[in-house]
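In the two assemblies presented below, chain A is common to both, partnered first by chain B and then by chain C.
Right, the complex of A and B next:
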């Protein structure tokens, strides 16, 4: 095993290289798309190689990387980014500050390797996909910046660094969703994504502010030893509450925004306005899983709190909710977006279930995050390749694509099977582990939710496949297979999607530093899963291909539910209504109050007062001599009289 | 003559040179102004580099001015002054660069601008209360002419309103300063305006500034009586609710560089004065009034952001955004913790650079489109890519994106406020956090409306000939962007200076 310090120095390079690529490209090669794309990809590949080196070291020595509150400093290398209170002294630390640096533990190393590898593949893919786009250089600049931020986020050892990069990935997401600056819908989607996640980040920020007050510390590991102390009651004004559950829900609100949990999910489908590689990288594989990553990171802190049950139910609900919407979508990217939401729901549900029980194992949720990254990136890139071939997003205008684009079709099919959880593809091991966990731990409601969602997943994916690959080609022109730079990542990801599920046991041991194991899924899980997939595929086949009952007949028979689904449960409308009719009205009231009352009465009031008093007083200045003499004499007489009276 | 006198006098001398230049020679006028402001930038940076952290007051220049009254000429630099001088110099330089378009009475314009900047340097550097007030007035008063003569729209009204409101504040400050002077004499028997002497004396005489004053038969503690005068007097300039309404009108009418300097630097003088005089000399008064004023600043923060959301005039959006951001500065001061006061000063710098950038860009856009109404814009990213990038940049700084200066400052203020000794401050901190959401809404809405969407030539007759910022403008804006980025990427550098400068204040506050 190589020295820990060497490993830490190498770890700086993992986020460092994409950042360097960003800087070099920004200052020197902004104008040349050819150089920018190659340079960014090269640096990214370097970063991925280093991350694999680190990953390999940790994977082979899981027991040496058991990070605790006592030894976390050996595994991190950081600098003081912002000293908050240099004079602060406590038993565990001197000074109160925000630190930024790199940190190596199994979770962060796994995320580093996963993010860097997928980012590399997507860089390669984008060289082909963005070919000829006037904004290609800009695209690679953003992509490098995003990868840097994402890698920075996963290598944080404290809440503040996480928040800082959390916001930066949000920025990159904003820039990349709105990448096509001439499209109004892209700009609106970008704005929506940023504002909705900002709403959620408000919770995160409040959580952090309260944490600074109560704990005076941001470090994940030192905080996790103070669980008992932090679970105590705090008093805020007239209210008292136990700190830790409140804190975890506040922080989780941030996760809900980034990971698209109900009701903050509305930005993700719209985010598909961005270029497809972006959807694959940011809105499927990496950034949107940040919330799940956060739950895994805070697992020791939140462990066995009742609030984790709430989190599990939010996840389970989102999984089902999003899957139902996916059934009626016709845009291939939208289908995948809702599918991503649904899978994120699974992950959050998994984290919540494991968090709620005493012997919880975060690997359940994290493993799904890991496998999902591969097959969802594959599906999105495949969709991108299909869109590239057919020049449309609409699955109704595709058809018989297998004939024109073989590699894309085969890999897309593999991705679909992995997503549906057909054994032995990757999704089966991770998703069924979550459903299984719900079952054995007595969360029967969640078990049912999870199973129905699994059926729906197979159903809508089969529907998508039927539209894309069956029948005759319904679009214009002749589709063609994409170039090698685009198919190569597809093949790599397809291979991963087949095999990564098999490492489930090793993964658990690795993630827990050799402390935990996961029991392999039993035969019943295999059978259930196969039955569900066959049921889903079969019913979709019957409806959409054989038209045993035609889809139109179903939508006619269930007009209202169909309408509701098409309108996505009116969530966009509700959000829009709230912003427009509550926030903007309050805003209008404030603006008017300011203009009319504060300014009009309080400030200009003085002006009127001055003028009015002047108008009254100037009447005395008549300029007529005998008036003055009269007033003078009369007042003298009155004055003298008053003297005599006294 | 020491370096501090030099930095104060360079703009003033340059102003005299400008006045002596024939008014036809616009090139010379611009060259002198640019040169002088560049010299201040270099000087302020040299001073920043030479400044020794932990060395107390440096580059001190002190001699008696009016012996009978105890008035001294006392310039000295602390860490806070060092970074704020850089702010002022940079904004002045960028402001001068943005003013090349001024053709009408350019001579007087540049002269006034330079004198104003000289006054601001004076305020940041004086340690004698008399000088402090003198420079404060020098800095504030040219604004009347700058807006009244070179402004646009309702300029007379705006100039009059601004000046009268600021003078009302000045009156309060003057009363408070004289009361402090008198009280200091009463206790120590010494006539002095010297701030350092007063702060040191507070440790020797526990009763200093603690006497009871009889007002209408009621006994009121001196500090409790005088702190509101200081806070509200300076608060008028730093946009404290309900004395903030000069700001939207004033900024909307002012020419570009004046808006830049005014929002960028002058508004900070208010907050700076509260820290320098209020917190340092009247800590008990500050403690007593903390909650009341914190509520006012909370109104500033939330109400300002909400009001910004419904504006359609670009300058009003940014002006209300300033009201909201200056509220964060004042909140940090009210909370009186180590983090929050440092955060306030950092927010002053951050907001200064940010609004400088905003108003500079608005000037660029207004100069080309002849309107500031965002409903009459749209899609101009095609013609003005640089302005789009810069405006978005300023917007993200404003909504507190990490990596840009605003985030570090806001985090420090919020995390400091939550730790304040009074219980209600936790709620205030939590509610103040809402501003990050509101800011995101109005900034992104604005960016979307101005720069993106369809570019319809018929919408505005100036669309056809629209060009991007020219080299001078790009230089000015790039400098400001660079500073926002540098402060934001590694805020510790700036914060260490600020901490150093605030140490005496912390000592007097018992932190």
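Right, the complex of A and C next:
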């Protein structure tokens, strides 16, 4: 095993190289897309290689990386960015400051390796996908900046660094969704994504302020030893509340925004306006899982609180909710976007369930995050390749794509099977572990939700496959297979999607520093999963291919439910209504108070008072010298006289 | 025998005359002269106190010298103002000059 200090020094390079690529490209090669793309990809690949080196070391020595409140400093390399209260003293920690740096524990190492490898593949893919786009150089600039921010976020050891990079990835997401600057819909989607996540991040920010106020500490590990102390009631200003549940719900609000949990999910489908590699990297594989990553990071802090049950139910609900919408979508990227929402719901549900029970194991949710990143990136890149071939997003205009684009089709099929959880593909091990956890821990409602969602997942993905690969080609022109730079990442990701699920046991041991194991999924899970996938595929095949009951007949028979689904449960309209009628009314009241009371009475009032009194008092100034002398001397005399009277 | 009371009464009379002059004179020169009379009343009072109550001390006399000095300087400024006033208004009647207001 190489020295820990060497590892830490290497870890600086993982977010450092993409940042360097960003700086160099920004200052020197902004005009040359060829150089920008190659340089960014090269630096990214270097970063990925280093992250694998670190990952391999930690993976082979999980017991040496059991990070606790006592030894976390050995595993982090940081500088004090902003000292807040140097005089603060507590039993475990001296000084209170915001630290920026890198930190190596199994979770962050896993995220570093995952993000860096997928980012590398997507950089390679983008070279082909963005070929000939006038904004290609700008695209790679943003991509490097995003990767830097994401890597910086996962390697933080405190809430504040996490928050800073959290906002940075939000900014990059905004820039990349609105990448096609001439498209109004792209700009609107970018604004929507930014504002909705910012709205949710407000909760995160309030949580951080509370944390600074009450606990005087941002570090994940020192905080986790103070759970008992922090669970007590605190008084902040006029409010009295139990600190930790309040804090965790506030923080979770930020996670809901980033990870698209109901009701903050509305931005993610719209975010598909961005280029497809961006959807794959940011809105499927990495950034949107930040919320789940945060739950895993705070796991010891939130552990066995009642609020975790709320989180689990929000996740379960989102999973089902998004899956139902995906059934009626015709845009291949929208289908995948709702699928992402649904899978994120699974992850949050997994974290919630494990958090709510005593011997909870965060590996359940995190493992799904890990496998999902591979197969969802694969699906998005596959969809990008299909779009590239057919020049449309609409699956109704595709058809028989397998004939024209073989590699894309096979890898897309593998991704679909992995997503649906067909053993032995990756999705099975992670998704069914979550459903299994709901079952054995007595969350029967969530178990049923999860199972129905699994069926719906198979159903809508089969529907998508049938539209894309069956029948005759319905679009214009002749589709063609994409170039090597685009198919290479597909193949790599497809191989990963087949195999990464098999490491489930080792992954649990690795993530918990050798402290926990996960029981392997039993035969019943295999059978249930296979039955569900076959049911989903079979019913989709019967409806959409054989037309036993034609889809039109179904939508005619269920006009209202179909309409509701097509309108996405009116969530956009509800938000719009809330903003127009509640938010704007409240802000109108606040604005009026500000204008009339604060400005009108307090600010202008003083001005008016001064003016009015001056108007009265200036009448005494006649300008005649004798008056002044008279007043001056007479008052002197009166003053002296009063002295003598007393 | 002239006692302290006599000096004080004379000083008071001088101050009152000066005061009255300040109030009633319209000419700036007249007002300046009245001011000088007030100063003289005060000076007389000061030296009288010094002589009768504290014969060994000199504080009263020093104060008088200071007052004379300051009064001379003040007279010089007042005259300068008056010259300028006359140049502008062709009069030194203070009732005509009512600029000292807002």
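Definition applied: the second predicted complex is superposed on the first by the 572 of 646 C-alpha atoms of A that agree within 3 Å, B and C clash if a C-alpha of one lies under 4 Å from a C-alpha of the other, contacts with A are read in each partner's own complex, and residues count from 1 in each chain.
Keep in mind that, in the parts below, a residue touches a chain if its C-beta (ideal position, glycine included) is under 8 Å from a C-beta of that chain, and two chains touch if they have at least 3 such contacts.
None of the values given here were measured: they were computed from a predicted structure.
Q: Of the partners chain B and chain C, which touch A:630 in the superposed model: first, second, both, neither?
A: So A:630 only meets chain C here.
Q: Looking at the overlay, what does A:622 touch: chain B (first), chain C (second), both, or neither?
A: A:622 sits against chain C, while chain B stays out of touch.
Q: Using the touch criterion from the header, give the chain among chain B and chain C with more contacted residues in chain A.
A: Touching more of chain A: B.
Q: Just checking: does A:596 make contact with chain B only, chain C only, both, or neither of them? Give me first, second, both or neither.
A: It touches nothing on chain B or chain C.
Q: Any idea which chain B residues touch chain A in the complex?
A: Its residues touching chain A are 161, 165, 241-242, 244-246, 248-249, 303, 306-307, 309-311, 320, 337-339, 342, 381-382, 396, 399, 401-403, 407-408, 411-412, 414-416, 418-419, 423-424, 426-427, 429-430, 433-434, 436-437, 440-441, 444-445, 447-448, 452-454, 490-492, 495-496, 499, 506, 511.
Q: In their complex, what parts of chain A are in touch with chain C?
A: Residues in contact with chain C: 618, 621-626, 628-630, 633.
Q: Going by the contact rule at the top, pick out the chain A residues touching chain B in the complex.
A: Those in contact with chain B are residues 80-88, 96, 98, 160, 163-165, 167-168, 171, 178, 181-182, 184, 187-188, 191, 194-195, 198-199, 201-202, 205-206, 208-210, 212-213, 235-237, 579, 583-584, 586-588, 590-591, 594, 598-599, 602-603.
Q: Going by the contact rule at the top, pick out the chain C residues touching chain A in the complex.
A: So the residues of chain C in touch with chain A come to 19, 22-23, 31, 94-95, 97-102.
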